[in-house]
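Two complexes follow with chain A in common, the first pairing it with chain B and the second with chain C.
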Partner chain A sequence: MTAPLLSIEDLDLRFASDRGELHALHGVSLTVGEGEIVGLVGESGCGKSITAAAVMGLLPMPPARIAGGRIVYKGQDLLTLSDRAMRRIRGPEIAMIFQEPMTALNPVFTIGSQMSDVLCRHQRLSRRAARLKAIDWLNRVGIADAGARIDAFPHQLSGGMRQRVMIAMALSCRPRLLIADEPTTALDVTIQAQVLELMRTLVREEGVAMLLITHDLGVVAETCDRVHVMYCGRVVEQATTRALFAAPRHPYTRGLLECLPRIDGAAIGGRLPTIPGTVPELSKLPPGCAFAPRCPQVQADCEQAPPPVRALQADHLAACLHPVSAS
Partner chain B sequence: MSLLRVRGLKKYFGGSGWPRRKAPLKAVDGVDLDLAAGHTLALVGESGCGKSTLARAILRLHEPTGGEVWLDGTPVTGIGRAALRARRREMQIIFQDPYASLNPRRSVGQTLDEPLSVHRWGNRATRQARVNELLEVVGLRPAMANRYPHEFSGGQRQRIGIARALALSPKLIVADEAVSALDVSVQAQILNLLNDIRERFGVGYLFISHDLAVVRHLADRVAVMYLGRIVEEADTADLFRQPRHPYTEALLSAVPVPDPTRHAGRIVLPGDLPSPSAPPSGCPFHPRCPKAVARCSTEVPALRTMDDGARVACHLV
Partner chain C sequence: MAGLGYLIRRLATGIPLILGVTFISFLLMVYFGPDLSFELVGKNPTAEQIAAARAQLGYDQPFWVRYAAYLHEMVTFDFGRSVSTGQPVRGLLADAVPVSLALTLPGFVLGNLLGIALALLAAWHRGRWLDRSIMAFSVIGMSISFLIIIIVFQLLFSSRYGLNFFPVRGWDMSSPGAYLYYVTVPTLAIVFVSLGYNTRFYRAVFVEEVGRDHVRTARAFGAGAGIILWKYVLKNSLIPIITRVMFSIPSIVIAGSLLIESYFGIPGAGKLTFDAVTTGDQPVLKAVVSLTALMFVVVLIINDLLYRAVDPRVALT
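Let's look at the complex of A and B:
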């Protein structure tokens, strides 16, 4: 087996705060292979976005501090790189798109000038060549009349179009890995369908790997090859998308899938299954499994120490001492 | 008799300014709705379709430009301020963002007491008892009345918002994206609570949401809005089984389903939502409609009632 494109190994991340150090990531490990689409799902505050920010080297340090682990991209540990070296990774190697394209784009420059900046810097193109290339990319992401739209300011575009511009900008430098942090969460459902379709097509055409961060299990099911589920700063389960949705093994994953109202289910109405309680605060995590206080099948040993991640089947891992049976 | 009856409701913004007369933005343009007591009518649509404006116009939080609203057989529109204020007991609203809709400087007890004291409900002792009762109804402990909003999680804050809406025993509760800001595990708890409250107190919900799976779970009837008008309205089971308007069909097919083995035919609509300040001619959906014919671009389709009581505004149905 070849080495994965990106491999996060046992990442331990902490934040200084006035209430002491907050332990945000407790040994997160995940891999993304060449050309693979990997999902990272979880509820607010589980650490999925800061995992992505850590890969991109976007965390302010301090207050953030990496207390352990490695982020290996193409064989080199990104955490050991200088700022200068990291700037050669961001863009041409790893690109990122964010949830809110209005805040990711600069409101006082035209989208053409923002796209050209990126192309001039990383592909060493002239302004003129960069502009042509930018128009080319706007066409590829389905922006009608790209030759005129390129001189538009971000506020003159709709939310869906802005996200298309972000995708064009991210892919224009031919990265090998695209990190997409909730790319369609702010969009309406018909626009989300357009943008997801576009991302899937482009990523496959360009052979780019994608790490898709989302809270929406529906988006994961139809986009990703493999999924990691996070809870309270840990990956609690990882599997192929089919295996995870067919037979979730961690009680948290199963609970999440069960409590989701379904558009395709048989039953309408009635009571939804729930996960009791709420996500614990980072500063008040229990000593054992973080899900133990809410878990329907908790046992005494769950409260001793955090359960290690172990392989339950080939390519199906879970951090649970008493996993849900596979049948 | 319906609990809520809305006829020809309109809400226009702008349009009459000096010195230039600009065309008004027709956020809600002639909406008829009926909601029976103890039932849930969902209002769905994408951002800017006018669903929140419609809800606010019904409650007269926005003064409607035209049309009539009756609650329990008596008018809400065309009455004076004092009379309206009295009627507000009967209709309450739950907002989307539980962080923004509670006053951070007031304890939960004070927040829940406010609607009671504004409407001169009981005396201090009975109001105190009512606050405790409300907290229990929404699954919180009466001892929490002394705490402040920042001490609660998002789900708990939404419970407080629901308790505040219930304080005066309203007949109608408008829930404007009430579960949209919540994580799924908490969302399920709040949906169950809303169901329990409906069964226990017989309130009617006007439930506004962009999340069709949630709507399917909670609503008895669904109205789909597009650019300020209702394009389809039907019983929930019928609408999800057999959508009749092409927009409803596309909207339903666009929802991502948490099942990787399902490869349903998705209708990907071209283009963006048109701006309500410059709506297309004819049927407002025709520029994006995969089934549009020549007539659709010239003639506005009327909202017609079908044999089974559903209403659809489409020339092709």
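Let's look at the complex of A and C:
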């Protein structure tokens, strides 16, 4: 097996706060192979966006502090790179798309100027060549009349168009890895499907690997090759999308899947099941498995220590002492 | 022409503002200002002498007649002669305003530019030692009285206890060399006094901007601190910067810096206004009040036009 493009190894991240240090990531491990689309799923606050920000080196430090682990990209640990070296990674190597298309673009510059800035910076193009290339990319992300739209300001575009601009901007850098942090969450449902489809097509065409961060299992099922499920700062299950949806092994994953409405299920006409209880606060995590207080099949040993991640099958890992049976 | 219509509408809305300001100021001048008739008459005047003096000053006219006369003066911008010196008011202003402008403008510009630069640095390094030291010096600068700064700077630069190079009193801008000779110490004092306030204000603006999503996007696309601060943050912060700068302009032109002008014996508009207030020199006061109001109206319009120029989301309505 060749080394993955990106491999996060045992990342431990803490935040200084008024109430003492908050432990945001408890040894998160995650890999993305060349050209692979990997999903990172979890509820809000589970640490998925922080993981992405850590890869990009975008966390404000302080208050954030990396207490352990490595983020290895193409064989080098990004955490050891200088700010200068990191700037050459951001864009041409790893590009990122954000959740808020309304605010992620700079309101006082035209989208053409913002795209050209990025192209000039990383590809040493002239202003003119960068503009042509930007128009080219706007066409590829399906923006009609790109030659005129390039001089529009962000507020003159709809949310879906702004997200298309972000995608064009990110892919125009020709990155090897695209990190998409909830790229469709802020969009209308119909637009969501279009944007997702566009991302999947372009990523495949360009051979770019993608780490897709989302809370939406439907998005994962449609898009990803492999999935990591996060809960309270830990990856609790990791498998291929097919295996995860067919036979989830962690009770949390199973709970999440049961919450999805099914077209064939008995839930039609009835109520959708929910996971009882709420996500514990970061400062009040239980000593054992963080999911234990909500787990339907909790046992005494679950509350002793956090369960280690174990391989249950080839390429199917779960952090659970009493995993759901595979059948 | 939407722009022209806008301009006319804005100028029209400026008229009530000018009327309001001049009316209130004139009311205060007439009923609460000093009565100069006592200076015109000698000791133990007769009732006729007093009446003659009051008539000479126009005090015998009803308030509304006097206010109407004021409005007429304002439209023609001819306020007659100063009661204290007998010189035409227009000439007094024409002499004093350029002096004040030349005196305060370098300090104002430098104070703002330096303030912006320090604030950008502080905002970028928010919470770290550089930010903390810049803010500590700002508070120290703000806490020292302007009077003390003027006196200390005069001692440092203009007395035998210090450099003893620059003049303590006087003004000359007939040549660039002479101008520099007289303007340096006042400028240093103005910069020192304004820097703390400016840095604190601009830092608050920049800290907010640095925290915005588009700055995170710029960083995620490999932009360095230089381009983020000088291009993205600065351009997005231009509205509060323009507001602060524009609203300072009327006071720079009219008020100058009274303390600087009196301590350095410089014949500027600040001193002219101050003397007019203390002596009750109504023609000068009327001119100063109307000029200030008029400048605020103009500044407000320019301010809004500039908003439109720097932020495409602003519409002129």
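Keep in mind that, in the parts below, the second predicted complex is superposed on the first by the 320 of 327 C-alpha atoms of A that agree within 3 Å, B and C clash if a C-alpha of one lies under 4 Å from a C-alpha of the other, contacts with A are read in each partner's own complex, and residues count from 1 in each chain.
Quick note on the criterion: a contact is a pair of C-beta atoms (placed from the backbone, for glycine too) under 8 Å apart; a residue touches a chain by one contact, two chains touch by 3 or more.
Please read all numbers here as calculations on a predicted model, not as lab measurements.
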Superposed partners chain B and chain C on chain A - clash or fit: fit
Which superposed partner A:H155 touches (first chain B, second chain C, both, neither): second
Chain B versus chain C as contact partner of A:N106, first or second or both or neither: second
Partner chain in contact with A:G47 - chain B first, chain C second, else both or neither: neither
Inter-chain angle, chain B to chain C through the CA centre of chain A, in degrees rounded to a multiple of 10: 80
Partner chain(s) touched by A:M56 [first = chain B, second = chain C, both, neither]: second
Contacts of A:A221 with chain B and chain C, given as first, second, both or neither: first
Touched partner set for A:A193, first chain B, second chain C, both or neither: first
Touched partner set for A:H122, first chain B, second chain C, both or neither: second
Which partner reaches more residues of chain A (counting touched residues only), chain B or chain C: B
Per-pair minimum CA distance [chain C against chain B, superposed on A] in Å: 12
Interface residues of chain A shared between complexes with chain B and chain C: none
Residues on chain A engaged by chain C in the complex (per definition of touch): 56, 58, 62, 87-92, 95-96, 98, 100, 103-109, 117-118, 121-122, 153, 155, 166, 169-170, 173
Contact footprint of chain B on chain A as seen in their complex: 43-44, 158, 160-161, 188-194, 196-197, 215-222, 241-242, 245-246, 255-257, 259-264, 268-269, 271-276, 278-279
Residues of chain B defined as touching chain A within the complex: 46-47, 153, 155-156, 183-189, 191-192, 195, 210-214, 216-218, 236-237, 240, 250-262, 266, 268-269, 272-273
Touch list for chain C against partner chain A, complex: 127, 212-214, 216-224, 227, 232, 235-236, 310-313
